[in-house]
Amino acid sequence: MFFASDNWAGSHPKITESLARHAVGFVPAYGAGDLDRRVEERFCEIFEREVAVFFVSTGTAANSLALTAVNRPGGVAFCHREAHVVSDECGAPEYLSGGARLFPVDGPLGRIDPARLEAAISRFPREFVHHGQPIAVSITQSTEIGTLYRLADIDAVAAICRSHGLPLHMDGARFANALASLGVTPAEMTWRRGIDILSFGGTKNGCWCAEAVVFMNPEQAHEFPFLRKRAAQLFSKSRFVAAQFEAYFETGLWLKTAAHANAMAARLAGQIEASEVARLAWTPEANEVFMLMEREVARRLAEAGAIFGEWSPPASEAGLMNPGEGLYRLVTSFATTADEVDRFGGLLR
Amino acid sequence: MFFASDNWAGSHPKITESLARHAVGFVPAYGAGDLDRRVEERFCEIFEREVAVFFVSTGTAANSLALTAVNRPGGVAFCHREAHVVSDECGAPEYLSGGARLFPVDGPLGRIDPARLEAAISRFPREFVHHGQPIAVSITQSTEIGTLYRLADIDAVAAICRSHGLPLHMDGARFANALASLGVTPAEMTWRRGIDILSFGGTKNGCWCAEAVVFMNPEQAHEFPFLRKRAAQLFSKSRFVAAQFEAYFETGLWLKTAAHANAMAARLAGQIEASEVARLAWTPEANEVFMLMEREVARRLAEAGAIFGEWSPPASEAGLMNPGEGLYRLVTSFATTADEVDRFGGLLR
Amino acid sequence: MFFASDNWAGSHPKITESLARHAVGFVPAYGAGDLDRRVEERFCEIFEREVAVFFVSTGTAANSLALTAVNRPGGVAFCHREAHVVSDECGAPEYLSGGARLFPVDGPLGRIDPARLEAAISRFPREFVHHGQPIAVSITQSTEIGTLYRLADIDAVAAICRSHGLPLHMDGARFANALASLGVTPAEMTWRRGIDILSFGGTKNGCWCAEAVVFMNPEQAHEFPFLRKRAAQLFSKSRFVAAQFEAYFETGLWLKTAAHANAMAARLAGQIEASEVARLAWTPEANEVFMLMEREVARRLAEAGAIFGEWSPPASEAGLMNPGEGLYRLVTSFATTADEVDRFGGLLR
Amino acid sequence: MFFASDNWAGSHPKITESLARHAVGFVPAYGAGDLDRRVEERFCEIFEREVAVFFVSTGTAANSLALTAVNRPGGVAFCHREAHVVSDECGAPEYLSGGARLFPVDGPLGRIDPARLEAAISRFPREFVHHGQPIAVSITQSTEIGTLYRLADIDAVAAICRSHGLPLHMDGARFANALASLGVTPAEMTWRRGIDILSFGGTKNGCWCAEAVVFMNPEQAHEFPFLRKRAAQLFSKSRFVAAQFEAYFETGLWLKTAAHANAMAARLAGQIEASEVARLAWTPEANEVFMLMEREVARRLAEAGAIFGEWSPPASEAGLMNPGEGLYRLVTSFATTADEVDRFGGLLR
C-alpha cells in the first residue's frame, strides 16, 4: 500500500516501451532531432497555439527557470504560502534567479486568495526601490494539497496580474490531474485564462523524467535557450525526454493515467469517509488525499504496511485538527490499484 | 556514417533493458531507494574507497556544481583553454558558482602545461584581494581533443595543486574511454593521483542520462546534498539514473563500450592515415579523431553521407593547418560499427 | 520641523572637521593606512576584545555581506517581519548572498518572539534538503519601530541560536541609540550576549557615510576581505571612512549624539502624550517615535511644515489603530533641536 | 615622493570645503534632494544631452553594475586583457552580474585591437548556446597603462559594437585625465563616438568618494534604480557625493586637477628620459608613467623615499623588458607637486 508519493511509482509501460524503441540509431543531440521537433509540435496541438517548449530535468528546474526568465532587480514573486516553489525547493528559485524573493500569500484550501494577493502586491509601490518590485504570480494546479483552482479562480488571479502588468506562472507538476478532474482542455486552463508560463510536469504522472517549461507566447522565450543551458539544464541526449512525451501524449495516455490516479484518490477518500478512525481533512480534487487521524492510529497503519507521510497543516487549515491528531497525505498514481486502495480501506475498519 | 558526436548515439541495449526492469513497483524517491544505495556502493567498489556520489542531469551540471562546491569569494579556477567548462557551458560554472572565474591555461595537445599552470596561479598572490583567489584546478580526461593525460601528467598537475592547497577536479565526460585506453584502474587515475572531485560521465558512453559528481573524500561533500537540490538537480525518480548505472557497471559493460569506441577511433585513424586526402591532426588516444583536410574534400564527404563537424583549431595546434584546410572532429561510440568506419575509409580513397 | 529620517541630517561638525583634517597628504589606499589601523584598534578597545572590522558603503551592504559570510546552500536566515533586511533592502541580502532566504518571524513591538523563532527554525529538519537549512538569526537593535531588546531579550534569542548552532547577527543601524538608551557597553550588548556579527552604523548618527561589519571573532572573518572586494565595497580612499569613525569615537561623541537624539525623541513623545489629537503607538525607547492620529490631522501638520512619514502598521500592532487613523513615524537625530520639537508640540495643541 | 597611486591623495580643498558647506541642514535622503537634482542636471550640461546619473560607492561598483545592467544569460563582455574590470576587481563583475564572463582581448599599449575584437566576438555565433552570447564591449579611458584611445580608436571599436548590436561601456576611472589630455569634450569622447554607458570616476582626481554610472540614453536606465539598491549601492546621505561633484564641476575644477596631474606625469617622464638609469616603457598620455629600470636601482630609489610600485608587464609589451629589469608604475594626481617630481628626477641622476 504505497501512498507516499507519485514519485515512488516507476514509469508507465508505454513510456518504457517508447524509450526502448527510440534507443536505437543516431540522431542530433541537444534537442535538434526530428523527434524533439515532433514533440514540440505535439505541444502546440495540445495547447491549440504556437508555444515554445523547453525540456528540463526537474519540476524545481522548470519553476525556477520560469521565474528566472521574468526576474528583474529586486524582484518579488507571489505564490501561495504552501507552494512547492517557496517551501520545497531549497531556495532554487531564489538561487537560480539571482535573488528573486518569494512572497507567500495565504488563502484557504491551497488557493491564493485574490484579495490577499491584491493587498500583497500593493505593498510594493511602483518606483519605491526599498521594497523591490513585483515580477510574477505563481499558482499551482492542482495545488499542493490536492485541491483545484476552478477556471473562475484562475480568472480572478489573472485579472489581478493583468491590472499590475505581471506575468502569471502555473506550476503544473500535476497538470494532467487537474485537467482530468476539471474536464477542460489545456488551452482553457492556461492561456485562455491568462497563464503566460507553465511548468509542465510528466514525471509524477508516469514518466521517468519529463518536465518542460512552456511559454504560451514564444516571443517571450527568446532568451530561454541560453538561460536553460546556463543553468546546466540542456540534455545532450534530449530525445530521451522527447521519447517519453511522445508516448505520454499518444492516444491520450497522459489523461488516462491522470484520470486513473484521480479515481483512485476518490476511492481512497470514500474509504476514509466510511471509516471511524479517520476523516478527510478536505475534499480531494485530484490525486492527493489528506486525512486526519490520531497519531496512534497512523502508527498502527504504518506497521500494517501502509506507506504514507505526515504533513504540516497549512496555516489556513490548522484549525481542522483536533489535539492528538496528525494530518496525513496519501498520493495515488497511474500505478495505484483499486485492490491496494481497498486493502487500505480494510485496515481503516 | 555518424561521427558527429557520441551524444548522437542512443542508449545501449543493456541500459535500456535495465530501465525497463526497474520501471515496475514503488520505491522511495529522491535517491533514498535500495537501488540508489546499491549503485553508490558499486561506485565505492570501483574506486576502491568510500566515495560520495551525487547524480545530476548533465555533464555541465556535474562540472559546475563541483566547482561551486569549492568556490570562495573572488574564486578563480584554472583549466585548459579548450576545456568544456570554459568554452562550451554557456557560463554555467560562473553562474552556478555565483561568479567564479575560469582562467584558461595553455598547453599542447589539450593538456595543461604544468609550468604555465604554475605561472598562472602565481599571478594571484595570497591576500591580494584585487586579483581574487585560486580555488581549484580542473583537467579533462580524456581531453577535449581526444588525447590523454598519462598518470605522470596528472601527477605533475596534482603536485602543483598540492603545493598551493588547491583541490583538483577531473571532468570525466569520457572517463571510461580514458581508463580503457590507459589500461589503469579508476583509483589509479583519480585519488591515487590527487584528484579530489570527479565529474563521472556515463551518457556519452551508452547511457541516456547518467552523470554523477564523485567526491573522493566524502567529508568534503557534506554540503553537497543542499547544493545539488538548490541547483534543481535532484531527480525525484532518481532510480532511473541508478538503473542505468547498475547496468553500466554490470560485468564491466562500461569498459567494454569504451574500449569498443576507442577501437573504432583507432580504426578510423588508420583509414585516415592511409588516405591521401586527409591526415590526422594528432594521434587519437580515446574516442575522438581529429583530421585535417581541404574544405572542398570535407564538403564532398558530407554529401556522400558522412556526418562530422568542423572544429576550431586549439591555439597550441593552430600551426598544424595548411591554408585551405579545415580541422574536423569525428567521434565514435558504443554504437559505431567497423562497417561504418570502413565505408568512411572507402570514401577517403 | 524635520522628523522624516535621521538620514536627512547632514554630518556632525566634528565629523566634518575630521574629514577636512585628514584630507591632506598621501596615505596608502584600500584600508592599509595608519589611520585605518588606528580606527580598527579603537573598535577593539570599544568592544573590549580583538574584533575584525570592515568598512562598507551602506547599512544594506553591511547586513547583506554579514549574511553572505555565513550563507550555505539553501540557506534560510530568520529575522523579524519588520526587519530592514527583509522589507527595505530591495532583496540585496538574497542577491548578494546568492539566494539566501529571509524567513520573517513575528513578535510584538519589533522584537522576535523567542517561541516563534524556535518554531520557525524547527520547520527545517536537519538533512531535509527540500526545505533548505537555517544559517543565521538577525535582530535589529534598536528595532525598526524604535523599541529595544533588553539584554535578557537578546539572551533569549542567543540561547536558541546556540542550541541550533546558528550565528547571531545584529543590525546596528542605530546601535549607538540602543547603547545610550540601555546604558550598557558595546561588549555587554553584543558578544557577551552571543552576537557574532554586527552591522555597525555610524551614518544615521552624525556621519556622512560610515558603516562597518564587525566580526566578534576575527577567525570567522578570514574570507571577508575577498567577499567585500567582490561586492564592490572596498573603498580606495578608505581613510575617509576612518576619519569619520575617528571623530565619531573621540571623547564619546557617538554616545553623546545618540543620547541627544534619544532625548529629543523622549521630548517629542512627551508632546504627543500631552496632545489630544495624537497618541503614542507605543513607548519610544530610542530615537524613533510612532504616533497615531487621524489622517486629516496629519495632513494639516504637514501643511504647517512638519515633515514626517506614514508607516505601515506592523502585523503585531495593527490592532492599535482606529478607523481613520494613520500610523506616523518621527525620527530624531544629533541635529534635532528642542526648539524644533517644541514647535511641533505647539502644532499638536 | 608619493607616486604609488592617485588613490593615495586625499581630497582637494574645494571638495573638502563643499562637504563642509553641505553638512548643515536637513535634506531628503537617497538622492531625492535638490542638490542631487542640481548635480544631475550639471551632468546633463557637461554631456550636452539628457543623461541618467547614478552615484555608487566605488569604480568597481560602477563597472560591475554597468555590465550587470546589460547582462543576458550566458553573457560575455569583451575588454582589454589588462582592463581593471577583468584583472583587479576580484570577480565583482562576474559576481554582481550573476555570472557574466569577461573575455580578454589583446592589443598594444592598453588598447583593444579592433581586428582581435572582431575575431573574439565572431567566436560566439548567434543562437549557439554552448558558447554563450556577447553582451557588451568595455574600454578603459585613459587605459590601465596610462595611454589613450584617440577619438578614431573609439570609433573603430564602436563600429564593431554597432555591427554586432552590442552596447559599448567606458571605464572612466581616469575620465578627466583623458579629456584634459585629448582636449576634447565629454560628449565628443563618449556618446558622439558610440559610448552607451560610462563609469564616471571622480575619486582618483581629487574627490573622497565620487563615482557614478552614466547612461547616455536614460531610457536604458529604467531598471537601474532597483539594480543599484539591490547591490547595496544606494547611499542614504547621497548628498555627500553630490556635494563632491558640485565642487568638482565648479569652474572646471575637475579638468584643472586632471590637467595638473597630466602635466606632472609629463614632467616625470621628462626626468626619466633624461636619466641614464631609467627609461620610459612607453610614452605616458595621461597621469600614469611606466618606466623600466634595473631592480637594484628601483630598490635604491625606494630606500631614498620614492614610493611607487612594480607592475606586471602587459603581454603585448613584455618584449620591452631587458633581463634584470622591472617595470614600474608612477602615478601623479592633483596633489603631486613639481618639487616632488624634481626631487625624484634628482634621484635618477
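In this document, chain identifiers A, B, C and D correspond to the written order of the chains, with residue numbering beginning at 1 in each.
One rule holds for everything that comes next: contacts are C-beta pairs under 8 Å (C-beta built on N, C-alpha and C of every residue); 3 or more make two chains touch, one makes a residue touch a chain.
Values in this document were obtained by computation on a predicted structure and should not be read as measured data.
Colleague: Give me the set of chains touching subunit A intersected with the set touching subunit B.
Modeller: Output, common partners of subunit A and subunit B: C, D.
Colleague: Name the chain whose C-alpha centroid is most distant from the C-alpha centroid of subunit C.
Modeller: B
Colleague: So how far apart, in whole Å, are subunit B and subunit D when each is placed at the average of its C-alpha atoms?
Modeller: The separation of the two C-alpha centroids amounts to 41 Å.
Colleague: Report the inter-chain centroid distance for subunit B and subunit C in whole angstrom, where each centroid is the mean of the CA atoms.
Modeller: Roughly 50 Å separates the two chain centres.
Colleague: What are the residue numbers in subunit D that touch two or more other chains?
Modeller: 30, 73-74, 89-91, 95-96, 98-99, 129-130, 132, 226, 229-230, 234, in rising order.
Colleague: Give the list of subunit B residues in touch with subunit A in this complex.
Modeller: Going through subunit B, the ones touching subunit A are 2, 4-5, 7-13, 15-16, 19-20, 22-30, 56-61, 64-65, 89-92, 95-96, 203-204, 208-209, 226, 229-237, 239-240, 307, 335.
Colleague: Write out the stretch or stretches of subunit A touching subunit D in their complex.
Modeller: Within the complex, subunit A touches subunit D at residues 30, 72-74, 98-99, 127, 129-130, 132-133, 223, 225-230, 234.
Colleague: Could you pull out which subunit D residues touch subunit B in their complex?
Modeller: 73-76, 87-91, 94-102, 123, 129-132, 312
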